[in-house]
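The following blocks contain the structures, represented as structure tokens.
Heads up, the next two complexes both have chain A, just with different partners, chain B and then chain C.
And now, the complex of A and B:
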């Protein structure tokens, strides 16, 4: 039982990192990305590669994973600079589909469909971390640091410029903001931090394959952000906890057919998305009660 | 010969994509609603056609009617009871998209729970292939799908240019304020757009059910492709959606020839990605990208 709860908590904190970093670009920059799982994946695969071939040291694997995701995220920044709204959603979808194909075909990097097996336990300054509670502690610390970074950024002039761009790009440009640099930086930062989640996930599972980095994951993370509440710190955390706990809670409801749990879970969050958008578009933790952004 | 075979398959698939994309483009162009649940309409029409034909044993004409009615009703209900309330108080692109995506998820899983998650297809003598040339197998379905798409496009063009509602829809895509001033109701026109756009998925849904088969994710897949086709063709341009749908259908099949099946979706999205970066207005779109 303890093991089960620890496992759930580790996964919640990994997904909370993903939803917090996605919220940074959706909520504050207005960049509606459906490609977040790509950077989760790049983080995971890179960390696995470093751990297996160089060293399982946390302070080596994580920065390398972040750098890899930061470089590839320029592919997402490119359309974000050119187009907005539905065009950008389509572009990010395109990137997500392309990435899934690459993940399953590029065998030397990702191990193809079979994935990467036997990722060694992570070490922190030479001290191996393999017990679940140690791992939980490590991922919680990562989560807290990432929330801290985002909180600080949002309250600096960078964050205010981002919100200005979200609300009116031409007005921000007119008041002398360097829109190109600010937007690119926000995408790069969000993707690099998402790679931390990928690396943690790879070390925790010690096995990863393309199944974890598909469009479904991007949509799940997006649902966490939206159901929880965009442009808030608490919202994405709440969303991640709710959506990760839902399958286990549903398993306890014995009157539900057990084979349909997956479907019921998806139906519940699909319905939640629809109803929230009609009645409370800002999410559960809404920064502007009664209305959206 | 393989080339011709893949070209023929590509044209059939392309015709289906073109029709679905045209429906999406019609709705999006005139109402500005990003109707991602359009794929759900496709899946519902396909499943109900299958169910009416094999489950209830209806004659195929009734089964087609069932599919058409359910698609139209689904589209109009979404417009009235989901998009209208959302647009009343906010209506940003973001909210509409999320709600629409939510509907897609719900429908996909409901269909999976009710009808099963495997592939299903409607057995029909029309899908039996005949070897017309050595190595080139064609079924009557190939021709029917393409013919049906051509008829639909001609009818749609006539409707949009010669009828009052059609002209109203085109006016709505140009300037909703002017439409209101003219004494027409944008809300009512929006309902027409949804009815018509949803109707356009029916031929595609039926040919898919009879040909390659359907699974609950089919709507999602078709929607992704139609979205790509709509943007590559230029949002709001039916001609563009049709050309791009065909182009993607053919490109997807020719990709199998050189690269293998697993690359077909990637090719489509590579095309889309480059269009968005270099020519976001598409083939025939007006250059109004903000």
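And now, the complex of A and C:
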């Protein structure tokens, strides 16, 4: 039972990193991306490759994974952020579809459909991390650091620029903000931090394949952000916890047909999103139930 | 404060020839618009307009709906590219430049629909306008930060928004939103303000405060160009009037000369 709970907590903290980093662009910059799982995947595959071929050292694998995600995100952000929001959503969806194909076919990097197996235990300054509680501690520390970075950023002039762009892009331009560069930076930063989650996930599972980085994952992480509450620190954490716990809770409800738990889960997600958008569009944690950010 | 509208003279309208303010003759041309045209498909929104904005005065753009006033603002600030012609700011062409570059060069604007940063507080709205050149954070340490806060306090006090400092723009009353729009532009270091119907819908008290603020800023050396429909406001505010109709500049000169022209009045009131 303890192992089960520890496993759940590690996964919640990994997804909390993902939802927190996606919230950085959705909540503060108004950029809706459907490609967050791509950067999760690039982080995972890159860290796995570094660990298997160079060193499993945390302080090497994580920065390399972040750099790989950052560079890839530039390919999306530079052309796509020159246009208005809805086009970015479409472009990110395109990247997500493209990336799934690449993850499935690029065997030398991703192992193809079969994925990458035998990822060695991560080491922190030479000390191997393989017990679940060690992983939990490591992922929680990463989560806290990432929350700290984002919290500091949103209170700087950079954060105010992001919020200004979210509220009125034309007014932000008229106030002298280089909107394209600011939006690009925010996407690059968000993607690089999402790669941390990917690397942690790869090290924890010691096996990854394309199934973890598909459009479903991007939608799930977006649901975590929206249900929890955009532009808040607590919202994405709560969203990640709720949506990760839901499958487990549903399996305990004996009156539900256990073979249909997956479908019931999708129905519950969908209903929760619809009801929230009607009654509390800012999300559960929103301080402005009428839709404020 | 009186509920009646104050005239420009009552609000210390500057004497002709007194430094930056007053007479429209012989002053530096800050912004020069030359042969500017804009086509939207088959529609000629701006048609060969040439106009100078002179330093230290208030120039008002008047004309019926669809005359091209806001389009002209959009082209000056780089939000729309002209089909032909040039806009020159302090001797340098700004055509082709991004709106943020033009803003940093010293041309600030407001919008008819305000476009406030609605989910940010009043203070954040003002601070954001003071940070156009900063990336992650403002340089200069505590001293500069204290100066910025001091400037924010002054702006809040002058615009009557001190009590609303921590209120979101979304939650402000209409007149307060108008003053926040003005407060934001006051926070910039711009020399030229383009104001799109800044006084429309203001009650008499708010209008008088607005007029006083504008005159104080002009006295400090700010050049203002306003789009306005209300002729009472036009009379009270303007040092110079440019009359546009169907994208053409029909007249440009002293307020009385323009307003007393029966042909222009007929166009303005739709009687032609």
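Convention: the second predicted complex is superposed on the first by the 288 of 293 C-alpha atoms of A that agree within 3 Å, B and C clash if a C-alpha of one lies under 4 Å from a C-alpha of the other, contacts with A are read in each partner's own complex, and residues count from 1 in each chain.
Rule of thumb we're sticking to: contacts are C-beta pairs under 8 Å (C-beta built on N, C-alpha and C of every residue); 3 or more make two chains touch, one makes a residue touch a chain.
From a predicted model like this one, the values you see are computed outputs, not experimental measurements.
Novice: In the superposition on chain A, see if there is space for chain B and chain C together, and answer fit or clash.
Specialist: In the arrangement built by aligning on chain A, the partners chain C and chain B fit side by side.
Novice: Taking the superposition on A as described, I'd like to know which of chain B and chain C A:157 touches: first, second, both or neither.
Specialist: After superposition on chain A, A:157 lies in contact with chain C alone.
Novice: Angle at chain A, chain B to chain C, CA centres, as a multiple of 10°?
Specialist: Roughly 80 degrees separate the directions to chain B and chain C.
Novice: Taking the superposition as given, does A:167 touch the first partner, chain B, the second, chain C, both, or neither?
Specialist: The answer is second: A:167 touches chain C but not chain B.
Novice: After superposition on the shared chain, which partner residues are touched by A:176: those of chain B (first), chain C (second), both, or neither?
Specialist: Only chain C is touched by A:176; chain B is not.
Novice: I'd like to know which partner A:32 touches here: chain B for first, chain C for second, both or neither.
Specialist: In the superposition, A:32 touches chain B alone.
Novice: Examine A:84 and indicate which partner it touches, taking first as chain B and second as chain C; both and neither are also allowed.
Specialist: So A:84 only meets chain B here.
Novice: Check whether A:15 is in contact with chain B, with chain C, with both or with neither, and answer first, second, both or neither.
Specialist: neither
Novice: Any idea whether chain B or chain C touches more of chain A?
Specialist: Result: the larger residue contact count on chain A belongs to B.
Novice: After lining up the shared chain so the two structures overlap, which partner does A:24 touch, if you call chain B first and chain C second: first, second, both or neither?
Specialist: In the superposed model, A:24 contacts neither chain B nor chain C.
Novice: Using only C-alpha atoms, work out how near chain B sits to chain C after the chain A superposition, in angstrom.
Specialist: Across the overlay, chain B reaches chain C at a minimum of 10 Å between C-alpha atoms.
Novice: Which residues of chain A are in contact with chain B in one complex and with chain C in the other?
Specialist: 292-293
Novice: Taking the touch rule as given, give the residues of chain A at its contact with chain C in the complex, in rising order.
Specialist: Touching chain C from chain A are residues 153, 156-158, 160-161, 163-164, 166-168, 170-179, 231, 288, 292-293.
Novice: Chain A touches which residues of chain C in the complex?
Specialist: 77, 79, 98-100, 103-104, 108-109, 111, 115-120, 124, 127-129, 131-138, 168, 170, 184, 188
Novice: Flag every residue of chain B that touches chain A in the complex, lowest number first.
Specialist: On the chain B side, the touching residues are 28, 34, 82, 85-86, 89-90, 92-99, 101-106, 108-110, 112-113, 224, 227-228, 231, 235, 262-263, 265-266, 268-270, 272-273, 276-277, 280, 289-290.
Novice: Mind listing the chain A positions that touch chain B in their complex?
Specialist: Its residues touching chain B are 32, 78-79, 82-91, 93-95, 97-98, 101-102, 104-105, 219, 222, 226, 260, 263-264, 266-267, 269-274, 277-278, 281, 291-293.
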